[in-house]
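Both of the next two complexes hold chain A, though its partner changes from chain B to chain C.
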Partner chain A sequence: MMKRFLIALVALMLAGPVLAQSGPLRLTITDGVIEPLPFAVPSFEPENAAAAQVAADITRLVSLDLSGTGLFREIPASAFISAHSSFAQAVAYPDWRAINAQALISGAVTVSGNQLIVKFRLYDVFSGSEMGGGLQFAGTVDGWRRMAHKVADAAYGRITGEGGYFDSRIVFVSESGPKDNRQKRLAIMDFDGANMQFLTDSSALVLAPRFSPTGDRVLYTSFASGFPRINVLDVTSVGTRQLQTADGEMAFSPRFSRDGTQVIYSLANGGNTDIYRGDIASGASTRLTSAPSIETAPSLSPDGSQIVFESDRSGTQQMYIMSANGGDARRISFGDGRYATPVWSPRGDLIAFTKQNAGRFHIGVMRTDGSEERLLTSSFLDEGPTWSPNGRVIMFMRETQGAGGTSSLYSVDVSGRNLKPVPLPNGASDPSWGPLQP
Partner chain B sequence: MTFLPKIALMGLIAITAGCTNPDRFAAGADDANADAQAGANDPTSPLFFNQTIGDRVLFTVDTSTLTAAGKIILDGQVGWLQSNADYLAIIEGHADEQGTREYNISLGFRRANAVREYLVSKGVPATRLRATSYGKERPIQICSQESCYASNRRAVTVISLASLS
Partner chain C sequence: MRSAGTYISAIGHVGLIGWLISGWGFSSEPLPFEVAEVSVVSGEEFAAILAATTPQPDVANPTAPAQPLIEDAPTPIEPETAPQVVPTPEPAVQPDAETPPPEAPEPPAPPSDVADVAPEPPAPPAVEAAPDLAVSPRPQPRPAPRVAPVAVAPPAPEADVADIVRDAVVPDDSAVAEVVEPAQTPTAPEEAATEIAIEDAAPSGAVTTSARPRTRPNRPAPATETPTTTASDDAAVAAAVAAAMAATAPDLPAGPPMSGSEKEGFRVAVNRCWNVDPGSEAARVTVTVAFGLDRDGGVQGDVRQLAVDGGTSGSQSIAFQAARRAILRCGASGYDLPADKYDQWREVEITFDPSGMRLR
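On to the complex of A and B.
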């Protein structure tokens, strides 16, 4: 019985690529008939009176997180036969089987002062057994959303066998004002758009923040000096400092090395843009490319050994891979149009990119050898993909056309399904998805 | 007589230079201002440079090659910069919105550098000229059509007093 449960899941995870090969991507994939796995989340049991509200809120958010992936479907409480009102109570499996709930999530919440404890268990209804042991998370009442995300991550992880991504944050550029007077500020939010906070004011133009591997710092490009320069921002203290750049040079498009001590970035000098690697502490830098063309948007492989980047050395923007120490590069993109902003997936298997072709922009993925290119989106302007920590979801910026054009963030499954906007109060661009929080 | 108007102008230039989008306040931005009008008639003023000589050149899609029309404007800039040796210039390159952010910064820098190299080749000391790029971040026309894009693909020579740098 357990096998049946897992096979259904494996089929679910494989469905994307299989469908993708059946024809050109785009919305045909999002329209693909995929049956999400039905689950039930009876309201988490408040173990004391103070926990009543937050227990209900957490239950709601766990369900939203899982349903939001498009891989799971919540069975409404109105369909429940069994109340399952107590965490300690034995599960009446037949009652859950009868409503076709394949997974059952049960939880309990205790509040004392601002201290919050959440317990949860996951059941495989059809095999009639618990999946994994019970888990307990401790946090604050103010941080209740994180506790819900942790429960959802654990359930997602146990059912799919992969890491989750709900308890993670995204740094991005918050935008306001018309196109010819746009104000841009760095901001940070939970993966679902909640808890947005500004990290900078709008006094200087800022672009393309990038999280460090542990999420403690952010690299970004600032025009405070009138020239693009790279700054490092400490997320906790919100203190910033500028990386060293020589006079007349412009530095931009930074990303952290996997150990967080170095930065790979673009440096423009005399009209030419090349890729460099710099040490954050000492400022010492090494030049990795030396072509008269534009080399920019570098992204490291998960093992840190290779760099994927874009170059117009062939005449148009295309993607190339080279050693992390520079040297010869091999071109990986050969389709129609221009390929830009490559980002190596955390799983190492795919490169996400922006493709510009025939007046449209797309977010796409391809294997690291350039094969199996699939376009996931299409619009007037889609740009700048970033990967969820588990490599299953891509977030990007979509900008609408015309004088009133605005930017917003969208996420899409790597299969091309489940395209949806991230709810935010203002315009937004340049997302960078941070790691799962500890 | 030439010194005092320059002092008056310095304030205007300082405001302009301190803004993140200097060229928005350049040509024709302040017609109602009597001092500015006086400045516009003074061939040694930055306003004369902006309005009469022309502070910007335009480019075709995804290129940084100077056009014949652009070179005529730049020849005028050379003459002005040579006659007004106490001014510096920052050349700002820009791109239209049809491209990705990082590439457009590089493309804008290519454009700014093409202008800078041309001015230097005609005798303006390289030490007086700096180049920067705003990529697609600072459009002056906001429609999503070629009529707007053509104005946005530009390199703008922004004049500043040496003593302010």
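On to the complex of A and C.
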């Protein structure tokens, strides 16, 4: 046995130098480039005359959705070499390679009556193959925007490997009027600001709406009774009902649990504010913190096991994490300034927050252990971050300075790039991003 | 190291000992006794003389015996100047080091194998700062090899020589801008001077540092697994021996190994097509891929995934796709590689490690 081993060893020693010299060339690359991925979307093919307009609209919106992420760059149709006018036509990859298109989206649209059918395929140009199979969506002509968002989500997911966020909605507080007499109403919109609708009238002050995990209900704080109370609103029926709280208690800052059956919220009683968990159906509640300081703005981790919240127990507003059942909390924010409104990322790896330091407000993110803090924005007043369903984008409220200052919604990529306003007719604040729609 | 210090120390000691001797001789009187012994006298005379002469030496002391010894003491001072003489022995040692001319006959032998390889072995620990020396490390004794109407300062070491001056463009993570320029190597016009300078007229071109030798190109591959893993030991041994014997004969690589700048050029050619999205989960995945190249530098067959580390299966797939796309895109018209070293780059393995680009 030993002899064999020795023979093998000798053989390897003989072979070693040869293998070393004739082996592959080995390189390590650590610095790539960061640039939007160029893609091409030839106009979707209208499969009948009625579909011509909506096919063009859908093509435009798919392109806008993808370009709007900052991760993709559309190649203008004027640069196309290959016409690719038919959905069934084979792709002439060299033509698309020549204009450096890395992804090609091809689609077809059929309209019959009020029914709309959208088909699409996605191609990886440089490997000359299709990415995933073809997909087909059916809906109504009125819902053509959602169909376009669905196509964009599918393309985004296949290229990036992460879920999209285009077919999602955002609930927020729509604001109108001057700062000293501002009308606030709950409103809902598509992620891109389209299809805005009001959910409440302007009779009572409303604050901090929060989507349920399934997107069918909204929690918000209403001052209709003079005291802050938590209401649950059904998005489809627009019916509301109030969560039970005792007289003299002020409940606010609610969020749904991950299963949507419970609410975690803040309750102020006798000058002390603590975090509670309440059952929506029965109204039973459990106190989770009992410090004499102010604990508020709770947000659950995606697995529902932990809660991040803000507290001034150290003397200034800082962020803490505790078990979802209460108990000891550990502080995670240690930088200069004050930290507020923590929100746990749907991916679970980051916590977004508002930071106030040296007279400026920032939206930032840090890892759940408090490390790798990065500030993404800076302005006179940035506040109230909310995560896109895929944990890639943060939307927040930005208010401008002065008596005539207006508030509006902005979105920013988690990398700090692609900061841009959400186009809305009125002022807006307190956004809450809902899930991808089914 | 036998330096002047050693000699000074030695001479100092000698001086000290000399002084001690002189001091001892000064106070001692045996010398006169020795003198007395030389003259043969009777015992009585001796006793009388002894009694009488004892004072004499005291008087004589300052004159004869002590002074010579004191003259010896000054000699230690001489040695102090002597170190000047002493160093000469050291030069005698240096000549040994410099005499490699005589030893040179030995080095010339390796150069006969391969000129490049000879300098490498002496300094394997060379750091990878070597890429910076992509420009010819040979110092120019004359101000500039090129003459142009306008004097041009030597380009930065990392700059390519070109007619148009461009600044390096580096991806800016902090910028909000949506469009990020791809990284590109800076270019600068070739170095030039306004006059022809004669070598003699420009003695200041002396080199202070020399180019660091490059590291050895290929580390022996850990190819220890192939033979030992098979079930049958005999078969394994036979296979290993056969493989070794077979491998020794035909597979000798043709041509010299690739130089550092050639590898660097290839690396840059691929990484300018490697698009990383630092906010994605795929930016946490390190992937190693392998592919073959034909003689024109074109990618042969498909890019294969060899190893992957970190991330979820979904993000791993995306990371591999990004690596594959980089290789295919930038190699669409063939990589520019030295044809005479084809055996060195016929098979390529590249590790794409985005850890340095991840968001912080």
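The rule we apply is simple: the second predicted complex is superposed on the first by the 404 of 438 C-alpha atoms of A that agree within 3 Å, B and C clash if a C-alpha of one lies under 4 Å from a C-alpha of the other, contacts with A are read in each partner's own complex, and residues count from 1 in each chain.
Definition applied: a residue touches a chain if its C-beta (ideal position, glycine included) is under 8 Å from a C-beta of that chain, and two chains touch if they have at least 3 such contacts.
Since the model is a prediction, treat every value here as computed from it, not as a measurement.
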| item | value |
| --- | --- |
| First, second, both or neither for A:126, with chain B first and chain C second | second |
| Which of chain B and chain C A:35 touches, first, second, both or neither | second |
| Of chain C and chain B, partner touching more chain A residues | C |
| Partner chain in contact with A:437 - chain B first, chain C second, else both or neither | neither |
| First, second, both or neither for A:372, with chain B first and chain C second | second |
| First (chain B), second (chain C), both or neither touched by A:102 | second |
| Which of chain B and chain C A:408 touches, first, second, both or neither | neither |
| Touching partner for A:268 - first (chain B), second (chain C), both, neither | first |
| Which of chain B and chain C A:417 touches, first, second, both or neither | second |
| Residues of chain A at both interfaces, chain B in one complex, chain C in the other | none |
| For the chain A and chain B complex, residues of the former touching the latter | 178-182, 204-205, 207-208, 223, 226-228, 248, 250, 252-253, 266, 268, 270-271, 273, 294, 296-297, 310, 312, 317, 340-341, 354, 356, 380-381, 383-384, 399, 401-403, 405, 430 |
| Touching residues on chain A, where the partner in the complex is chain C | 1, 4, 7-8, 11-12, 14-37, 70-71, 73, 97, 100, 102, 124, 126-127, 160-162, 347, 372, 374, 392, 413-419 |
| Chain C to chain A touching residues, read off their complex | 171, 173-183, 218-221, 223-224, 227-228, 233-234, 236-237, 240-241, 243-245, 247-248, 251-253, 257-258, 263, 266-267, 270-282, 290, 302, 314-315, 317-318, 321-322, 324-326, 328-329, 332, 343-357, 359-360 |
| Partner chain A, residues of chain B touching it in the complex | 17, 20-21, 24, 64, 90, 97-103, 105-107, 109-110, 112-114, 117, 130-134, 137-144 |
